[in-house]
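As structure tokens, here come the structures.
Both complexes shown next keep subunit A, but they swap its partner, so subunit B is in the first and subunit C is in the second.
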Partner chain A sequence: MNTQSNFWQYNKTVLMFAVVALTMPFWFPLMGGYSGLDTKIMIFCIFVVGFDILLGFTGYLSFGHAAFFGISAYVTGIMLKNFSDNIIPAMLVAVAAATVVALIIGLLTLKRTGIYFSILTLAFAEMFDSMAMSMLQRWTGGENGLTGLPTPMLFDLKMQGDTVFYFCALMAIALFYFAKRIERSPVGLMMKAIKCNQTRLEYTGINARRYKLLAFVLSAIYAAIAGSLMVVYEPFVGHEFLGWHQSGEIVIMSVIGGVGTLVGPMLGAAFMLYFENVMSVNLGEQWLLVLGVIFMAVVIFMPGGFMEAMARLKKRFFTTIDGE
Partner chain B sequence: MTDVKSEKSNHTASGWSRRDVLKATSVGAIGAATPMFFTQNAWAEKAIGNYPIKGSEVVLGFNVPQTGAYADEGADELRAYKLAVHHLNNGGGMLDTLKPSKLTGNGILGKKVTYVTGDTQTNADASRTSARRMIERDKVIMVTGGSSSGIAIAQQYLCNELGIIFMCGLTHSNDTTGKDKQRYGFRHFFNAHMTGKALSPVLSKEYGTDRRAFHLTADYSWGHTQQESMQEFTEKEGWTTEGNIMTPLKTTDFSQYLSQVLNSDADVLVLNHYGANMVNSLTNAVNFGMRDMQKNGKNLEIVVPLYSRLMAKGAGSANIDGVLGTSGWNWALEDEGSKVFVKTFTDEYGFPPSQAAHTCYVQTLLYANACEMAGTFYPPEVIKALEDFEFTGAGNGPTLYRGADHQCIKDILVMQGKSPSARTSDFDYLRIVDKVDAKTVDYDPAIFGGELGPYEPA
Partner chain C sequence: MDMTLNAFTLSLLTGLQLGSIYVLIALGLTLIFGTLGVVNFAHGALYLIAIYLAVSINNTLGFGLALILVPPLLFVIGVAMERGLIQRFYDRPHTDQILVTFGLAIVLQELLKWIFGANNIPFAIPSWGNGIVMLHDYLPFLEGFVVYPKWRMILVVVAIVTVSAVFALLHLTRFGLVIRAGMRDAEMLQFLGVNINRRFMVVFGLGAMIAGIAGVFGGPVTQVSPEVGMQLLVPSFLIVVIGGMGSLGGAVLAGILIGMAQSFTAPYIYLNTIIIYLITVIILLVRPRGLLGAKGVFE
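Let's look at the complex of A and B:
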């Protein structure tokens, strides 16, 4: 058992994240943010943390995570529209549906590694995208997206404005804590071992596929929760949620922030969304170009993303103190 | 533990259940959020959206595609919006021709008009996030823009929820003012139904009443409504429909579909495509030699229901020569409103405006005028001023902003592609064949269903 002080020590990052997240509505507007964007940042934090369990721990680069995000969003939307405007059953069914899909896709794709795995996941995601746009149009609304949803409710509570922000923030904190727990657990160690050397791990008699599948499904569940929250935050499902663009954005967020650090991808997500919605206004039509330059600069000069940059700064200014 | 209230009152006695914790958390969250509600004035008396406006300026939000497939149209829309703001603040332009008008050229209700812009990225989700930024941070009183029906509808829902009036830009789907219509959304542009109604009589006059049509249709909401409307109205003229193929939006090569058309008995090809889709399908058809072909003893004809100058330019004037379609407005129109708009736009930017620019410009002026007529920015009053507002001098003859579905009923142009030799300038691709008046294209707003909803958002 941990002592009290050990607990704080152990969960320092989670607590810091909790403080930053929960006070966000107070300081975010000062830097040009606005309510609504902070909620979206929380949701994408959940998405990228889950993505980092797969990419950061096991080293499997999925280009199809939008599938889980999108499927969950559509199921949530359809549940809210046709079943009940309470978000609890909608979210549960949505996450369950995405989990089942993730299991199937995981079983089929995890036999391959590297680029083949990436392409397979991409192909699956594109399949779902095409289905939503063609044969499932009656339910998904096709190109128009799923519109006309009721205001989501948490029992008697309207999920609007800051209520929905705090709901998402609490979810993000809980899920970040859970991811941290996985990282430090034996399971997390196995996942990291897969990234280091999968063949050697298998020679020691460990069934690596089980851990890969676990990582894949876990990250899909995170994506599904994020997708579901996206609909709770805004009662609308765009077909873009399923698109390859969405999958790519998650990869970019992770890389910009620092893969495998859990905190880094969240920083990356916050940066990307802030850039896209706040800084882009000052840059006009050229904002995508500037973002591209930043992305290249990060990949070329700081392959470890923002986390590496922070570590370098820390080393530069604090080594003498730490060293002694 | 069945009664919620009693459970709440004695939870200290029975200990904390998981549900209590959940509830306490959410209540705590509201508590923590309370200061935000007050600073945003959201619950003050009669405050809706960003009304009342503080300060001496009123901010409008222009949300247009600056990147992505429709970036060209978005850029033209933005030019028109900037021109509209200039005219609202300083007079000039259609302020002189719009009737009835209470616009003074001194801002709106004495407040100087400023604006913020956003990028919809031709992406519904991005457009909503961008619109939210304008509403929450920049405190806009009205949002306008959009260059695709899906995006317009998505923003319309958002604005309706937040109590911000949304003036649609270029959106042609029946759904925008049909099944997805909203109390806070208004559309000046015409729709697929009106296209069918205006175009079909011209088609039967030109090509005869015994034609067999084959449709290729972009597989999404706009394409579907366009195809239904075209089929309905051409069949009323006596045509038969040989077949219809839904083509995926991402298609770039239409050869496989076109060969099916060739194998059928059809002698008219209807391309329910827009933008790059139409450019590609038409070019493919021309490469198949379809424009020089005979079927059933008649010339095989191609029809493009919704035309724009940018599309005509993309397809090339040799390919569109003689092809019929419809437009909402064209810079060659000779009425006072159009003339002054084209002149001021050309003076400012060096080339004539597109139909997208026209509808966006007019929408901005109509909103401003409605505020002046209502004497307030209070959204329900502005909406009432816009509903059933009749006006002239905005480039489409006498126009009615129908109250039942917020659709403008106005004249529509039937256009024909010009041959390369007939063109007089770089912007001259289409000839006006017929001006179909508002009465002819009018329809019963009830046919599409949908609900406008209440004047004050929940």
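Let's look at the complex of A and C:
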């Protein structure tokens, strides 16, 4: 209600995230995370925060966000290879291309709700995947992926090691702040109203489709920025960037962390990447099986993910002390 | 497009054969969706269980036992899945249902990969199904020598029989009448004193059983590897959507349509890879409810 008193509250999360993110190179290796994984975590934080604008706010479950991630990654790669090794034009063109695609897909798919929407977004992503593997093979490199990219440059700065990490971390902080701003804006309220009861919202004379499309395109832009950064981080575009595995991974991250909380999905992303790359050493080939079981357990017993778990623990241990 | 009668006949048969597998999987999906309102992302995994069971039994005990055992086993697995998991999600949002079945699909796929390995397991076709059919012996208008694998023709026949049986069950029996009524208005049926819960369980088992039949006969054609489930699930979903969600006739029609489209575009590699998505988009723009979708069903 009162934005003034909430102001500190909202920015506290962003500041906390900024501190955690920027100090990551110092404490992350202590946990066994190899250098570079922290960069990847930042990139996926961007991806899931954007995804939460769509899934968390409006309740639309997309199974095709790999499309925007992948298209942007390919365009970035092609730009770096053929135009200039400066990342600024590459990223701009990539995000613009993905935005146009998102507008078209959004206009076509958002007519349908729930299940239809999930299936249609999945279909579109699969279509782009098939196209990249066949008719666009000359540009995408097909199954082998797009290789032979130059070292990306930010003007005179080589994008390697810590430079990439801080670049991605700063982007993640800025985009998280932006998402937080959307959350507490009237637009964010409209998006959340769509999730609560779209029919009722429309009866009040509000054009819900405009807000749905906005949420969809915004989340696609986040995905596109993440996809583009992925190529800046590692100058290579794999064909799996476009596959349904990628879309599924984002869904799993968001759900495990806690949909609709913005922070939760980032926790989910960090957990999943850490799990996949560090903890999986002990699990070998079966890490995905264990992850699947964890994911199912979360959906069945704790639909709010990590954030709900934390809230429950907090309530259990602090209720009596605070007297809440 | 210059196409000889021979090539046309072969494309027609291939289209029917592709469509057969799609129809069998989409039929189960749409049956479960229409009655229970659940989108089963784990349906591809059910097919996966079926082909692994079929190949294991076939390669040790013979095809006859695989044919007798696998569909009933899948029925039991389907019922167990519904009772143990899906049942808890009837009152939860659709997205939760998608998520939990998606999770289940990953778990089942990884479990099967762990047990059987990631590589393709050869599925030996029984001797009576081996070989080729001399089409030119039966169809006088064909020129010269035209043959087609016998097993693939058997697959088409099995699909036709299965689809007919499902339609007979739904349209000629009292059980079918109740199920069809449940597809239209489950709440009303409950008010009339019908225990729909038990019938829902049977429908889920039935959908799984159809996937079982598809697995026994489709396994040798689609290969037996962990990726097959998801590879078939996406087109099957699209077929359900194109046909109209919850419409059995629509699923059959759309399945054959997609099979034919893939078969006839085979010479044009670029078109072939996207034809299924192209058809989906066009149909949904022209007929948002799908080909035979009923008004007011999950809109």
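The definition used in the following text is that the second predicted complex is superposed on the first by the 313 of 324 C-alpha atoms of A that agree within 3 Å, B and C clash if a C-alpha of one lies under 4 Å from a C-alpha of the other, contacts with A are read in each partner's own complex, and residues count from 1 in each chain.
By our rule, contacts are C-beta pairs under 8 Å (C-beta built on N, C-alpha and C of every residue); 3 or more make two chains touch, one makes a residue touch a chain.
This structure is a prediction, so every number in the text was calculated from the model and none was measured.
Engineer: Just subunit B (first), just subunit C (second), both, or neither: which does A:E285 touch?
Structural biologist: So A:E285 meets both subunit B and subunit C here.
Engineer: Tell me the contact category for A:S134 with respect to subunit B and subunit C: first, second, both or neither.
Structural biologist: both
Engineer: Identify the partner contact of A:I119: answer first if only subunit B is touched, second if only subunit C is, both if each is, neither if none is.
Structural biologist: second
Engineer: If you lay the two complexes on top of each other, which residues of subunit A touch subunit B in one and subunit C in the other?
Structural biologist: Shared contact residues on subunit A (touching subunit B in one complex, subunit C in the other): 130, 133-134, 285, 288.
Engineer: Can you check the complex and tell me which residues of subunit B touch subunit A?
Structural biologist: 25-26, 29-30, 32-33, 36-37, 40, 42, 66-67, 71, 75, 116-119, 123-126, 128-130, 132-133, 136-137, 149-150, 153-154, 157-158, 161, 173, 175, 180, 219-222, 246, 248-249, 458
Engineer: Applying the document's contact rule, which stretches of subunit C touch subunit A when the two form their complex?
Structural biologist: Residues 33, 39, 85, 88, 92-96, 98-100, 102-104, 106-107, 110-111, 113-114, 230, 234, 237-238, 241, 245, 269-270, 273-274, 277, 280-281, 284-285, 288, 298-299 of subunit C touch subunit A in their complex.
Engineer: Help me check something: in the complex, which residues belonging to subunit A touch subunit B?
Structural biologist: 22, 25, 29, 32-37, 40, 130, 133-134, 137, 141-145, 147-148, 151, 154, 157, 161-163, 165-167, 170, 234-236, 238-241, 245, 276-278, 280-281, 284-285, 287-288
Engineer: So in the complex, the part of subunit A that touches subunit C is made up of which residues?
Structural biologist: 55, 59, 61, 108, 111-116, 118-120, 122-124, 126-127, 130-131, 133-135, 244, 248, 251-252, 255, 285-286, 288-289, 291-293, 295-296, 299-300, 303
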